[in-house]
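One chain, chain A, appears in both complexes that follow, with chain B as partner in the first and chain C in the second.
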Partner chain A sequence: MIARLIARRAINLVITLFLISLIVFAVTQLLPGDVAQMILGPYATPDNLAVLRTRLGLDRPAMAQYLEWLSGFLVGDWGPSFTMNRPTRDLLLPPLSRSLELAGLALLGVVVVGIPLGILAGLKENSVVDHLISVVSYSGISVPAFVAGSLFILLFAGLLRVLPGSGYVPISRGLWPWLRHLILPAATTMLMLLDYVIRMTRVGVVEVMKSKYIRTARLKGLPLAYIIRRHVLRNALLPTVTVLAMNMGWLVGSMVIVEMVFAYPGIGRAIVSAITTRDLPVVQAGVLLLALITCLSTLAADVAYAFLNPKIRYT
Partner chain B sequence: MSGGMQIQETAGLRFRQRLGQIGAELRSNPTFLAGTIIVLLFLFLAAVGPYITPHDPLAFDFRARFSPPSSSHLFGTDDYGRDVLSRVITGARISMLLALYSTIFCLLVGTVLGLIAGYFGGWADEILMRLMDTLLSIPALLLGLLIVASLGRGLTNVMLAVGVVYSPRIARVVRGQVLAIKEEQFILAARSQGESSLYIMAREILPNVAGPLIVEASLRMGFAILLQTSLSFLGMGFSPPTPDWGLMVNEARYFIFDAPWTLIFPAIAIGLTITGFNLFGDGIRVALDPTRVRVSRGEE
Partner chain C sequence: MARPIRWTMLLCVLLVGASVAVTASELRISTPTQPTTLDPAFGIGMGEYMVNGLLYDKLVLLNASMELVPCIATSWEASDTADEWVFYLRQGVQFTDGSTLDAHDVVYTFERVLNPAVGSPGRGTLGPIAQVIADDDYTVRFVLSVPYAEFPVHLALRWGGIVPAGAGESLSHTPLGSGPFTLKEWIVGSHIRVEANPNYWDPAVPGVNAIVVKFLPDAIAEIIAFETGELDIIAEVPGDLLTRVRRIPGAQIEEVASGSWIPMIMRTDNPPFDDPRVRLAVKYAIDRQALVDIALGGRGIPANDHTIPPNNPYFLDVPVREQDYGMARQLLEDAGYADGFEMELVASMDRPTRARVALAIQQMVAPLGIKFNVTTMSHDIYIAQVYRQGGAYIGWWGFRPTADGNLYPFFTCDGSWNEYVYCNDELDAILDEARGELDLERRTALYHRAQEILMEDGPALIAAYTSWIGAWHPHVKNFAVHPLTWFDHLRWVTIEN
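Right, the complex of A and B next:
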């Protein structure tokens, strides 16, 4: 059953990725502005432009360019960047790993902060605490990441001067310098998911607390802390954890704006700057890479959910 | 004949009763009322903005650069000495128009695609939904960026970008609703009567998916502003000196420590508008379907 599910989803995944590659390639072909002109500047001679176009393969039919690009991408040869004299891989993979660091830390923060708050709100349903948590987390999603991030910079880097407002330091130069630079971007990223996680957890807890087995456990006289640990958490957290896993790819893609606000050298920022300089290989490979991560994390979460929850095994 | 009339009347009566219930529910929902007040305030600013600004939103005044908030400039001035309050007020129109246009766009496109996919099923469904999944697996902001980058900046193109990004979500909602009611008696009856597919979709199915569509549309407005201001913030929305909120926050970043008011006021306007639409949409959702729990997410 699960093998069939995975096979079916894998086929869909391949189709989706193929379509994405088509869309991305088509859209990048539409980008206005001549790449050769962008690289050589406004005073380039027509001869030089023609030579460069031939060298970049821009003079060949779009279909041939697409096929060559796709087959190259599949075997890991993403070609050279148009504007930087380096392979596309080197411009995308290190930023991707930095983005994953940021996403991982934000996800950890969401779990550490969001799940306890969600449990608290669920246990004290409709109390002042519940409403307070809901208002605070709600305002978190109503403020766009670039607004929240800018305000964080203003407060923590400007007024309080306790945290750096931009940049990145590799972990090899020490845990604290690395972490210091990650705190504000990670907190901003957290805001995007926090409300969702708190709500999911809260609803899960509220539903489980109303169930008969919890009533039985309470009537048996078991201590509340034990019931929460043994019964409530196990049943209430499954959907939350699945949703988090499913959102990993989405998270990496949505960090574009956070990376721009904090000048964080991640993959989103790499793609945005490649869009502005018309560095097509970087844009194409970058977007396809992010879509691949999104699809794979959704697939992984679906399969994990099917394993964990026998009710959902679809045929 | 008279029997038919009677049935129609009771159905009409029931509909009016339901509307009354929804109205009562909405009136007693404080978050919906708060949301409505905020939305109305910004709609008002969008409508009369240019006539009530204390200063010209585009006028430079180099003697008054970076004035802190004062009685002559309530929100202070920016790096060109332009009045921030006037720019925030004028900016309401761009954001509101954009939210409205792009929501209408994705409602139209999403509803048509969702109806076709759900009603005909089979290959049409397979192809359309694959395409929707594809668009959904590209991060929203990146897809928007790519579209605006290839079409160019400006109101129409940003509207198109936001519309394309959010259409698949509407299509999914509509398709799900269609699948849920497709085998109902009244659809089968219409089909056996020989009604055309177009008629069945427009007259029998569409009214039954209207509820979820209204909810979706009211929530989309907030998301549309979120995406639009984010695009502007990245320099992919409008060109300076357009008084657009996202662009204002972007320009203010360079003077953030010296003139925080240039950042704070447009930021508040953005947050407040999105909150307003979210509260408004959630209120409608709860009123139309009290059993459902809110599950909206930041950038969905």
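Right, the complex of A and C next:
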């Protein structure tokens, strides 16, 4: 069953990616501005420009450029960057891994903070606590990331001076320096997901608590903590877990604002900076990479859902 | 019992001492544009300038007081006719891979930049070099195509960073120089970290153990990082954020007349600016002090439509042109534009100041019936579609260290940066003559005449020179704002606890 599901989804995924690759390539062809002029700047002479255009292959037909790019992408050869004098891979994979660090930490925060709050709100349905959690988390998601990020910077970096407001330090220079730089951007990212997760968990808990098997368990005289751990969570968290898995892909792509606000060298910032400098290979490969991650995490979420919940089987 | 405790205490003291020593001599500075390459033959942004100034040595350096100081060259001399220059090199200098730097590396460096096949943007900027010859291992001779009195200054330009003979494209990401620092960490989009070169020829240099160059394109983020102590120096404080920086306790702020000029290009091969009277009318319409106050927030000095600022020895000291609508109207009428005209005036958005200058000009010429429709656009589109093509647009040029460099490429008929398509035979003859004139007084007289021509006939409305504002914390010593926005002098900066 699951094998068939994966096979079908994989075929869809290939088609989706192919279409995205076409769109990405077409859009980058339509971008105004001349790459060679961007690279050489106002100092360029016409003969310098011509030499560079030939070297970059910009003087060939678009179709030939596309086919060569796509076949290269498939075998992992993403070509050299136009502006940074190094392979496109080196400009995308390290930022991707840094974005994953940030997204991972944010997700961890969401799980650690969001799920307990959701359970609490669900258990105390319609109480003051429930409403309070609801209002606060809803405010959190209503504030755009660039506002929340800037407020965090002003408060924690500007006023209290406890955390750095920008930059990145690799983990090789120490766990704490690395983590310090991640806390504020991760907290900002967390806000984007927290309300979602709290609500999913709350609804799940409320539903499960009303079910007959919970009533049975309570009538048996089992302690509440045991019931929650054993029965409520297992059933209530199913949708939450799959939503989280699905959001991983979305998150990596939508952290660009957080990365800009905190000067965090992730993949979103890498793609934006490549767009402004007309570094087409980086833009094309970067967008396709994000699409791939989104598709894969959606696939993973589907599979996980089918796997975890015996009631649901895709046919 | 006592012994282990004592040892532990000693260890603690050592550890604390060591960590203090390490952190105390790390300097953090920012740049809005990150380097794309660390090959000194390439790169046009501030980021490359900053980092390459740390990784590479040049024959000579130009310090923040605009004085030439020896670096790899210990001394130099010109032939009587100033068309041959000999530089004597320092011995015992090593590249960071351990190989020795000698005259052959210097010859290779300059031949590489000058080679059209290499495509260096610095090719047209190093002066009229015809040939570079290694007379022996430590003597280099530059043969010039024309006599040129100011030649050594050009060797301090960013493209003069000396690389080992044979070095090529790999320099862009694995730099190899003989400079006071070596590259330790380069995280694209975040920062570059360089650490002191232990084998540097001058034991007093560098003044700090490490420099972190952070890439902060957002000015607000930059100011906050400075405020919170995450940055020691802000290289460029935008004028509109100056009041905020002033409020930071202890912040040292310096404003230097940079000599960067903001021209309105009036392209001379099409109407209406093909008529010099129309150009002059526009120049008469401008209240220059008001433009400095409005568009530059008061941080600049009024200019007289030429490119030699008051801090330059060749500056022609005459009063700045007064706004005179009567004269302007008369000129327009004579040229057949009594009712004015309408055209597009483009300002790139790379700096907000460009649009402000455009709007100030728009308002000042409006009473003459001249209607400029101000259009703003992103810088890349501007470069591709307007720069060197548009009829009227706002430019931005950094000051070059020599009078010739500020005039010759821009205003001679075949000048490499003549975006005006301007051609004036008298000016060409004067600039050619000034290049080879060794007598300072006569050369000054020639440059004065050139400025007069540009004021009356020239194709650029240059209403102001900008100021350059830098800020640093008081623990940073020996730093000064470099009028050319160069950063070679970071090697002498120290940090005091």
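The rule is short, and it goes like this: the second predicted complex is superposed on the first by the 314 of 315 C-alpha atoms of A that agree within 3 Å, B and C clash if a C-alpha of one lies under 4 Å from a C-alpha of the other, contacts with A are read in each partner's own complex, and residues count from 1 in each chain.
Just so we're on the same page, contacts are C-beta pairs under 8 Å (C-beta built on N, C-alpha and C of every residue); 3 or more make two chains touch, one makes a residue touch a chain.
On a predicted model such as this, the values are computed, not experimentally measured, just so you know.
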Would you sort A:C295 into first (chain B), second (chain C), both or neither based on which partner it touches?
first
Which partner chains sit in contact with A:V203 here, chain B, chain C, both or neither? Use first/second/both/neither.
first
Have a look at where A:M260 lands relative to chain B and chain C in the superposition and call it first, second, both or neither.
both
Considering only the touch criterion stated at the top, classify A:G158 as touching first (chain B), second (chain C), both, or neither.
both
By the touch definition at the top of the document, which applies to A:D195: first (chain B), second (chain C), both, or neither?
first
In the overlay, answer first, second, both or neither for which of chain B and chain C A:S142 touches.
first
By the touch definition above, which chain A residues appear in both interfaces, chain B in one complex and chain C in the other?
32, 153-154, 158, 260-261, 276
Across the complex, what residues on chain B touch chain A?
130-131, 133-135, 137-142, 145-147, 149-152, 222, 226, 229-230, 233-235, 246, 249-250, 252-253, 256-257, 260, 263-264, 267, 270-271, 274-275, 278, 293-299
Along chain A, where are the residues that touch chain B in the complex?
12, 15-16, 19-20, 23-24, 27-28, 30-32, 138-139, 141-147, 150-151, 153-154, 158, 191-193, 195-196, 199-200, 203, 249-250, 252-254, 256-257, 260-261, 268, 271-272, 275-276, 283, 287, 290-291, 294-295, 298
Touching residues (chain side chain C, partner chain A) in the complex
34, 36-37, 39, 42, 44, 116-117, 119, 121-125, 169, 172-173, 185, 187-191, 214-218, 221, 224-225, 227-230, 378, 380-381, 383-385, 387, 416-417
So, in the complex, the side of chain A touching chain C is made of residues 32-34, 37-45, 47-48, 51-52, 83-86, 91, 94-95, 153-154, 157-158, 161, 164-168, 170, 260-266, 269-270, 273, 276-278
